[in-house]
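Per-chain numbering from 1; labels A, B, C and D assigned in written order.
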Amino acid sequence: MAFDFSMSPAVEQQRRRVEEFVAAEVVPLEQKVFTEGMTDALRVELQAKAKAAGVFAPQAPKEFGGGGFRFDESAVLLEEAGYSLLGPLALNCAAPDEGNIHLLHVTGSAMQKEKYLEPLVAGEVRSCFSMTEPPPGAGSDPSALRTRARRTDGGWLINGDKWLITGADGAAFSIVMALNEGDDVPQGATMFLVDADNPGFVVGEHLNTIDATGVGGHCRVSLRDCFVPDDHVLGEVGKGFQSAQVRLAPARLTHCMRWLGAARRAHDIAVERAVGRELFGSTLSDLGMAQALIAENEIDLDAARSMIWHASWAIAEGQRSSEQSSRTKVFASEAACRVVDRSVQLAGGMGTSEELVLGRIYRDIRSFRIYDGATEVHKMSIAKRAARRAAERTADREARA
Amino acid sequence: MAFDFSMSPAVEQQRRRVEEFVAAEVVPLEQKVFTEGMTDALRVELQAKAKAAGVFAPQAPKEFGGGGFRFDESAVLLEEAGYSLLGPLALNCAAPDEGNIHLLHVTGSAMQKEKYLEPLVAGEVRSCFSMTEPPPGAGSDPSALRTRARRTDGGWLINGDKWLITGADGAAFSIVMALNEGDDVPQGATMFLVDADNPGFVVGEHLNTIDATGVGGHCRVSLRDCFVPDDHVLGEVGKGFQSAQVRLAPARLTHCMRWLGAARRAHDIAVERAVGRELFGSTLSDLGMAQALIAENEIDLDAARSMIWHASWAIAEGQRSSEQSSRTKVFASEAACRVVDRSVQLAGGMGTSEELVLGRIYRDIRSFRIYDGATEVHKMSIAKRAARRAAERTADREARA
Amino acid sequence: MAFDFSMSPAVEQQRRRVEEFVAAEVVPLEQKVFTEGMTDALRVELQAKAKAAGVFAPQAPKEFGGGGFRFDESAVLLEEAGYSLLGPLALNCAAPDEGNIHLLHVTGSAMQKEKYLEPLVAGEVRSCFSMTEPPPGAGSDPSALRTRARRTDGGWLINGDKWLITGADGAAFSIVMALNEGDDVPQGATMFLVDADNPGFVVGEHLNTIDATGVGGHCRVSLRDCFVPDDHVLGEVGKGFQSAQVRLAPARLTHCMRWLGAARRAHDIAVERAVGRELFGSTLSDLGMAQALIAENEIDLDAARSMIWHASWAIAEGQRSSEQSSRTKVFASEAACRVVDRSVQLAGGMGTSEELVLGRIYRDIRSFRIYDGATEVHKMSIAKRAARRAAERTADREARA
Amino acid sequence: MAFDFSMSPAVEQQRRRVEEFVAAEVVPLEQKVFTEGMTDALRVELQAKAKAAGVFAPQAPKEFGGGGFRFDESAVLLEEAGYSLLGPLALNCAAPDEGNIHLLHVTGSAMQKEKYLEPLVAGEVRSCFSMTEPPPGAGSDPSALRTRARRTDGGWLINGDKWLITGADGAAFSIVMALNEGDDVPQGATMFLVDADNPGFVVGEHLNTIDATGVGGHCRVSLRDCFVPDDHVLGEVGKGFQSAQVRLAPARLTHCMRWLGAARRAHDIAVERAVGRELFGSTLSDLGMAQALIAENEIDLDAARSMIWHASWAIAEGQRSSEQSSRTKVFASEAACRVVDRSVQLAGGMGTSEELVLGRIYRDIRSFRIYDGATEVHKMSIAKRAARRAAERTADREARA
């Protein structure tokens, strides 16, 4: 057999469980959350239900209470969770916690796993990832990092400003990225585990952004002589960028999985509405203009899913997959946004409303094309590697000639 | 001389006045409105300043207090007003009042002009246009109108439901579209002027939509045995669809003018930010990926403007221009949305924030591709006319042969 | 394991063989064929070399002399063959013979397999598939079939006109699709095996089309009282459309495989040229505008390949896959054309030339978006099925409520 | 009056003359030329007819025998000429002669006008413009010019290689661009008038390109110690790039005008066919999928025409318009190619054929997105200027603050 795209019965059964849980427990809460906002109390309630339904934290390691599914199996489950904007939070597979769980699992010490990973997998606490900085600091170009960590007695003093830190407000701790400062320490960046009650770690205002559904906002965070003891260094001193790579490719792909589910939801809503809508003496879904929108959505969803499965399989097999996950992230984010946009268009005036959910998905999905590497940044890196390969081919040919 | 694209000195001078007014008086209020919402008090204050600056209601007839500019001259001025999302309201050239002013001016009786048009041009009151209905009523297909007007003594009784009625909350009156009912009345639809304090006219909930900046919401409106006296019929009984045509093509184009300004604003913000942003050892605006976004914006803005000027000139010359305004509306709405989307992308994480205004323009502009004829509906009508012309050419050729 | 995208060592080894054969034996002949045209003598020579290299007819059944690879394995091998425009012919996996081989294998009688399939797999003869008719006959809408088959003693008399019949000139036989005529025969269409020397089967002029590389042209074919004996009916009488389905989905996908290879070739040529080209003080491949073209190609190739693998696996597993192959055909054909177009653009003036091969690929690939179901026709069918599913979901929900 | 898009009666009358001439005299010759190729004899015959019809050389100066129309008037007439691929040649307003006429008129000496311009306007001879060089010479980046001109007694000796020189085979003379060499001459490039019978000027092979209809091919040209006397310098020594600017912006726009006509022709053919074609129980032009293609064509044609008129007016008014003509060239070339592509698609299998003309237009138009500045090169220059303006706005604001 050349390939195998079949889903094992166990994964298919779990997928159905997630599907049913989302339909029965999550979707009914959407309008309440859209008008009143998401709270931590509601999150806890939803997560308790997800645990009871046996669908909690499918991607997290089994030893820490997660479902222990392979990364390519998770592709199927996280798409299903993403079918509601609240689903990933309910299943504790939402950003940024899901990525932090992966990072802590791979790079954390025993103490760190006990103190941070366990309660995080269990949903007892939330976390954030403090990387992005206001200009001229680290945005699309991580090497522009300005936050500094200086050696001090028994630990480090961190100073700097972060912003657009998703979920910071209410997080129990943050993973903080800073550049080492001083001659006596290894060059490079380091990751630190910083408790939210650290007096040197201050969460500031929420930025007023296009999206609206997450918990804990997109916040400014300031670090002022923030002391972090040595055993709260995550991974190795000076290897912060390498550790970030551990988080990066999988986190990109879990975004793709979840947003694929949201895009499918938008499409389903729009098509269900179109089959019940009379227009110009026809059913809306029978008009060629509408058929074009519907078919293009179907194709985009299929293409994105095929790429996500392919790239997730590579990750699950232990391949580095940085280039493949870049291609997948660009395609899936652009495709998912196209699908949502067409769905809004297909639903007409009502499509712009949050009553029909479409308006909210439209708002929430926009930044997916920017975070975890904007489309254009990935394209630069994809092109550079393609050029390198082309140069190698040319050199090979010339060597043989 | 074949064509003339030059702007007369008077129009250019007025354009500069609008530009300066928007920069000095309107832009500084944006963040306050974005966080606290637009109020009628603020609208009145802004409009008083616009009057003082000599830039108020440029498109409205002079005899009623407007600027009296030709429609193609207004293209230049309304683009400038649209440079801030609050500009059109400040200049009283925003939808739906601007379209209602035009409709009242063309079709209103002397009494109606005195009672409704004068205070509307002066900004003493706001109005709304009650046309769109919830499914299965009149949306993209106006012929599906379900609201009914029945003859009664000295007037009409209107019954029906509307929704997505922009600006209804707080409007002093509404133009209401209803289908005549009964054998004793002309077939067809009729337009009525309905006072907001009419007990049969009830404004309901605001729909929770993607956009956020207007006054008066997008509301449900219910008409329950709403009595309207005969002299409040706007235009002729049974000619409601014809009257709607009076409003339609120009209103489409003024949307294009205003949103062209907003798109240019988004582009300017993004490019100004890009020239001051260092990334990957270069200025952001020097990176080819960014240059592509910038250049595509410049081209879209130029193309949209050229079409808007062309179509506005045709309207100013008294041409019916229905097909040309359709083509222009499709192109300008799609192009303006592309420009705003690229500007958000160019500005990166910050582009999704309302602090930088881009996030808000992104939200507000989305429905432009749907209202006043969704892109797909215009395309159907454009294609039908093109097919008719092709059939005529074929018939001509065969007749000659 | 959830999925498996790994290639078996045997397939990977065979892929390399094809790669080496194409590079060593096929590519060097391209310019000669582009200027002088493809001949049957050259085809025979190339196919002999392919046999010697052990790469001949990978997709054809082993018992008839083919490689016997599974359909999803063939995806990998036919992509490699398509790397040269002459590759599929050299490997005898080009249209229309490849599709006819599959059809004969599935539906042919023992006699038909001996007389037609064996020499066809061996490359001793070529064939064609006579389905498409000039307007108002069967084009995108096969049900418009006008060619008629009437019962006669011991067989059928076929009358009708076909056009755009690829490879007809020089084919040893044709599979001809005709509608049954008369009350005494089953309703529906029937497929017939017609020898080229049948006096009732006349191949007419070659149409002058955009593409240029095939053998045997795109021809008009006329059938005039063309007698076909009963044992030359292919499949069942009256089941011609069902038989066509046997050919359809796989044939669509083999087109995708081959053209994916051609698109990859175009991309490789353009990028290799870009890494060696200085422009504006930089290497062309380092300019952001060029990087965008390169990265978009990489993404399109990856997405198309992921879909093709997915759909080919479904076919190999015996799934009907009609909808999936439709989605894949639309995406892969549009994507491959985009890749070739960008490659031409990247190579500049030289990209329009056949010296660099790009100009010829650009010409040859255009009709891929039209044949085997134009993009728009597939979209209609995709949308209809999506609408049907949405209606079923709604009905289910209502049934449960 | 703000704008004026009306066409003067004289221009409208001339437009009709061109329309009728193309329909009556040019279109009937198309199939002959498509199969047998264009010859100089046929060109002369067509041009004689155009003279007789009073439509010859509309854009050329009156004093030299042209129509003397303003540049924006010519926009209307050249679009009409472009309605047939043979029209511009018939009217002697095709590239490269049309651009050379303009350049000679603006920069030529009295002798040069008599010897070169007069017979060129009259169609007695053809010419070419030798600028583009094979890599690593001048392509998209003119500053990479490698051809050298060295002072010699009474003139210059030119050495270098050119390629893709359109119309070189059979041209009576060429304008040749070369870089000055030596210390005793002004730095920079110079333009030379070189007779085709100059022994140092050798026209080589025709490149085998996607397009097919022009006269004189796209040739390699080699200059080997090619002596050109001083009075054959066109414009000033060392000011060759400035002179090229004279030709550049107008030549870009005349390409846009002609190709707009060709795109309109493709659209007309496709829509005329669609109104007469039954498919799936409907007329093709009534299917929504077809309507989308038709409407998008109508919109692209309108947008391109509006931009072309706008930019041509600016040129006619003596504005430099380099940026505006760049925007217009990018949009018009991309739009025209989209229109032709959609027309091919709409016409289905027959759309790929030259019988229906569409296949030939598809081939001929492709390089328009590359020559006279590839899309990407123009975008770079457009973005740079936009960035410069943004930087100036920022500086202004800071200066005022």
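To be clear about the criterion, contacts are C-beta pairs under 8 Å (C-beta built on N, C-alpha and C of every residue); 3 or more make two chains touch, one makes a residue touch a chain.
Chain labels with UniProt names: A, B, C, D = Acyl-CoA dehydrogenase family protein.
For clarity, every value in this text was computed on a predicted model and none was experimentally measured.
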| item | value |
| --- | --- |
| Minimum number of chain-to-chain contact steps, subunit B to subunit D | 1 |
| Centroid-based (C-alpha) most distant chain relative to subunit A | D |
| Between the pairs B-C and C-D, the one where more C-beta pairs touch | C-D |
| Averaged-CA centre spacing for the pair subunit C and subunit A, given as whole angstrom | 40 |
| Separation of mean Cα positions, subunit C and subunit B [Å, integer] | 50 |
| Mean-CA-position distance for subunit D and subunit C (Å) | 38 |
| For subunit C, residues contacting two or more additional chains | 287-292, 376, 379-380 |
| Partner subunit B, residues of subunit D touching it in the complex | 1-8, 11, 70, 72-73, 75-76, 268, 271-272, 274-276, 285-286, 288, 290-292, 294-299, 302-303, 306-307, 309-310, 312-314, 316-317, 324, 327-328, 330-331, 376, 378-380, 382-384, 386-387, 389-391, 393-394 |
| Touch list for subunit D against partner subunit C, complex | 34-35, 132, 135-136, 139-141, 144, 163-164, 207-211, 277-280, 287, 289-290, 293, 344-345, 348-355, 359, 362-363, 366-367, 369-371, 374-377, 379-380 |
| Interfacial residue positions of subunit C with respect to subunit B in the complex | 287-292 |
